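Pasting a structure below so you can have a look.
Each chain carries a letter (A, B, C and D) given by its place in the written order, and its residues are counted from 1.
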Amino acid sequence: MPFALKKKAIIVENTSLSEDIYSIWLEEREIALSAKPGQFLSLFCNDASRLLPRPISICEIDKAKGRIRLVFRLAGQGTKEFARLKPADTIEVMGPLGNGFLPEGKKALLIGGGIGIPPLLELAKQLDCEKQIVLGYRDKTFLNEEFLPYGAVYVSTEDGSSGTRGNVIDAIREHKLEAEIIYACGPTPMLRGIKAYAKEQGMSAQLSLEERMACGVGACLACVCKSRDTDHHTNVKNKRICKDGPVFYADTIEL
Amino acid sequence: MPFALKKKAIIVENTSLSEDIYSIWLEEREIALSAKPGQFLSLFCNDASRLLPRPISICEIDKAKGRIRLVFRLAGQGTKEFARLKPADTIEVMGPLGNGFLPEGKKALLIGGGIGIPPLLELAKQLDCEKQIVLGYRDKTFLNEEFLPYGAVYVSTEDGSSGTRGNVIDAIREHKLEAEIIYACGPTPMLRGIKAYAKEQGMSAQLSLEERMACGVGACLACVCKSRDTDHHTNVKNKRICKDGPVFYADTIEL
Amino acid sequence: MNTNITIAGVTFKNPVTTASGTFGSGMEYSDFVDLSRLGAVTTKGVSNVPWPGNPTPRIAETYGGMLNAIGLQNPGMDVFIQRDIPFLRKYDTKIIVNVVGKTITDYCEVVERLSDCDVDMLEINISCPNVKEGGIAFGQDPKCVEDITGELKKRAKQPIIMKLSPNVTDIAEMARAAQAAGADAISLINTITGMKIDIHRRSFALANKTGGLSGPAIRPIAVRMVYQAAQAVKLPIIGMGGISCAEDALEFIMAGASMVAVGTANFINPAATVQVIDGIEAYMRQYGVDDIKDLIGCVK
Amino acid sequence: MNTNITIAGVTFKNPVTTASGTFGSGMEYSDFVDLSRLGAVTTKGVSNVPWPGNPTPRIAETYGGMLNAIGLQNPGMDVFIQRDIPFLRKYDTKIIVNVVGKTITDYCEVVERLSDCDVDMLEINISCPNVKEGGIAFGQDPKCVEDITGELKKRAKQPIIMKLSPNVTDIAEMARAAQAAGADAISLINTITGMKIDIHRRSFALANKTGGLSGPAIRPIAVRMVYQAAQAVKLPIIGMGGISCAEDALEFIMAGASMVAVGTANFINPAATVQVIDGIEAYMRQYGVDDIKDLIGCVK
């Protein structure tokens, strides 16, 4: 995309899925047409005191209508501002950014934890293979019913209020789920657990990582993670999450 | 007003009087009830990168509806933001601030220049005496017709496109206007001319001054003007325009 | 829950005061703020004789901040002592008087005079960037900081706070100099020298050319300096620079400040001081912090 | 209308470049910006061997600005020379290479190596606050500035720009030291050391504790320092610090900068550099300025 810059997207819908989780549909045709599951958008605040973009993963893509869905949790002032957006409001965005998940067509386990669940929804829709979907929550669930059309859905909650009490690995063990590949997104401790589990099981795993970002396009080196090998671009053992990720094969990165 | 703080006012109407002059009616009952002609409001920007209040004079007061009218010229980013306000939007304001004009009940000349004209409108409405109103413009006129109900209106324009070609003093001389007191607001060179004219004619004059402001309440000493005598508060020859003014008797200040 | 803080023997009911020069003598804001809520009121700098200050424009807005070059206009100590101290004493708050001068003799004169007045602490402004002589010059050289601190300590009956300039290479060095000469506390930061140019008029935005930058824009610099000073000296620190809300204030406290001052934020929101106090208490309740002292310098 | 600027024999088609470290090697932004529009691309700092940089989090947002502690991660000069210079040479723009090191020997090694490369100028970063050794330490002492400038001048075949640190008491002193030792130009300001504390986690927002503050928040400080340096030395100045639009850039030019660099603004608006160039031209047209040189230092 030569000279692709920031774009003004139009808010089509903004609903809250729970007290602190919001779901926004925004319209920006070009972005919708090129977006892939696992990629993200940089969202800019209208409040000029907050300069940096907020990276938010793509949750669903509606190419026909030229729309993108984002699901996010209230974290600080930026997400609070986004939560107040109303239909017809505009927001400045850049994207789609990063490399998404790489569909492999093998029997798959999709594993999401907390606010890492949204990017798996579009993946679940697009993955053309046998899928088992494991969603881990602290307590309240969200978005889980929307996964039902795409595969068997297993839920874990830390407080045991729904599904398996415990974490996603507990749910996988409880249901003896088997697969050839894992696609996962969630907090670092969960990803670390999944990496170990995948190794133990001899499965490959694609993990979506998170780090603070400034440029979002690979220029500033803010968002690195440690890599197993020397990276071709950085020439050190650092990969840029925004540009080389956010999705990486588990065995190529240190967690 | 004990513990009177910033208030959220509601925009009732925002119209443009010319390419770069806007007229806003805002609703804030408490402010409307206590406001006097010649006082001003501190208007705060919604854009958080701009912290300082913009002082804008009160143009009209509608006590019945609890509303205040402001008329302002696009000067920089702050006034540009205000110009975009739509009915039902809110804006943070403080006020009414400063001391307004002091009605003296003598035969009066109201003299306004450019964006100094708006504060004279409410004064014209409230002054209960014989009034002659002189309004000076560069070229295009605005607000002049709204003065017609309150007295004889004389216009001057620098380019001669309406009324007397020249400045307000030229118009006064042309029409041989006489009065006991002048109430004036406008650019400093105009006020300087009026001060000299009033002295020459032995008239008293109340002038409304302008200076950059931070606090708007007399605390920061940003907005001083030079005074003839040592000021009782500052103990130097400086008066605070926001607190002691913005209206001063011409002979008490240096211009 | 305890928010009391004792500095050099003076106990403040809470750790929040006003930054000198942004709150007048307290009088100007007494219509907006219940002064008795404040830990202390810190007054505008006062000199031996009345100062007229700089020509206007004295201020300019900048991105997330402002420049000022007021030039320490003040009515002089006689009027101040006679009018402003009795006014402030009507409130249940401590009084910190900010002192300015052009020469060490000037400072000494004011401090000696205030020694017999009913005020709680003196804050010595050796860091004002907006006056030609004195001010900042004293605050940019450790030897000068030591000299002036020593001279004033001999004369002051109240504890003295040395207010440091951020316009230095090494703030720790200045803090150590103040400590070495016997200062009771330090406060920082004063404004950072800045400039704005009006590109349409092709002139300086301020009559004084340069001014002091304050407001949220400078907060990260101020927090860093408070942290560095806290690592370097044992003196209590009054932290300031861009504090507008309790979250901001807590950053300073966790970096090592025993008290904080709210400055430019008063102009934007006259309720800022009280909101900071309420917000600190809310934070303490939320996290079960019993004593504000447990938060001072807790991030290391 | 002329926007050409010649510095130390190198002619730039316009006075706008990128601030080192905010534009990668140009490659990362080449999808967003036509690099041939730029007066020059200034690359991320390059060292003799690859540097891994600091642990994450490396950045934090602040009011109107950001902190960074990237720690000068870079692939080292070998990869840089082999990959990035040929890439940039495909565009019609000048190449300024930012050089970093931990010791004078390190800097010398990079400069010697680059001497035989096809680049237009070298910018020596003696002001990075985010590395433990070298970096800023060189930029805070006039003697060090002189020494390193002198050593590098002996070795460099291209003109050298000394990039000064704003974390100093007197920027003019540093500018004079660079001039005395033969620098061809100076650039300023690098970032200002700052700190942010996460009050909920009670920890530093950055793994490195402190970081460098950049963005619009620091602009008034940067403009002031450019002005002070311009008054102190005859060297051409590349001004930077919070430039996001043409108005900002013109402030620096009128304060005395011959060129300007756009930094943090690239992250917020990848079109910033080009918009600055267009905006400067629009200003010149609006006010009938025939030559950009007539604006340099026009406010005195």
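Note that in this section contacts are C-beta pairs under 8 Å (C-beta built on N, C-alpha and C of every residue); 3 or more make two chains touch, one makes a residue touch a chain.
These numbers come from a predicted model, not from an experiment.
K.L.:
Based on which chains touch which, give the shortest step count from chain A to chain D.
P.N.:
Minimum number of steps from chain A to chain D: 1.
K.L.:
Quick one: which chain's Cα centre is the longest way from chain D's?
P.N.:
Chain centre farthest from chain D's centre: B.
K.L.:
Give, as an integer number of Å, the spacing between the C-alpha centres of chain B and chain A.
P.N.:
56
K.L.:
Rounded to the nearest whole Å, what is the centre-to-centre distance of chain B and chain D, using the mean of the C-alpha atoms as each centre?
P.N.:
46
K.L.:
Roughly how many whole angstrom separate the Cα centroids of chain B and chain C?
P.N.:
Those two chain centres are 35 Å apart.
K.L.:
Please list all residues of chain C that touch 2 or more other chains.
P.N.:
63-65, 216
K.L.:
Chain B: which residues touch two or more other chains?
P.N.:
48-50
K.L.:
Taking the touch rule as given, give the residues of chain B at its contact with chain A in the complex, in rising order.
P.N.:
That would be residues 47-50 of chain B.
K.L.:
Name, in rising order, each residue of chain A that touches chain D in their complex.
P.N.:
Chain A residues touching chain D: 1-6, 44, 48-53, 94, 211-225, 233-238, 243.
K.L.:
Spell out the residues on chain C that touch chain D in their complex, using ranges where they run on.
P.N.:
For this pair, the touching residues of chain C are 62-65, 67, 140, 167-170, 192-197, 199, 202-204, 209-210, 213, 216-221, 223-224, 227, 242, 247, 250-251, 254-255, 283, 298-299.
K.L.:
Quick one: in the complex, what on chain C touches chain B?
P.N.:
21-24, 28-29, 31-34, 44, 50-53, 56-61, 63-66, 68, 70, 73, 75-76, 79, 215-216, 264, 266-271
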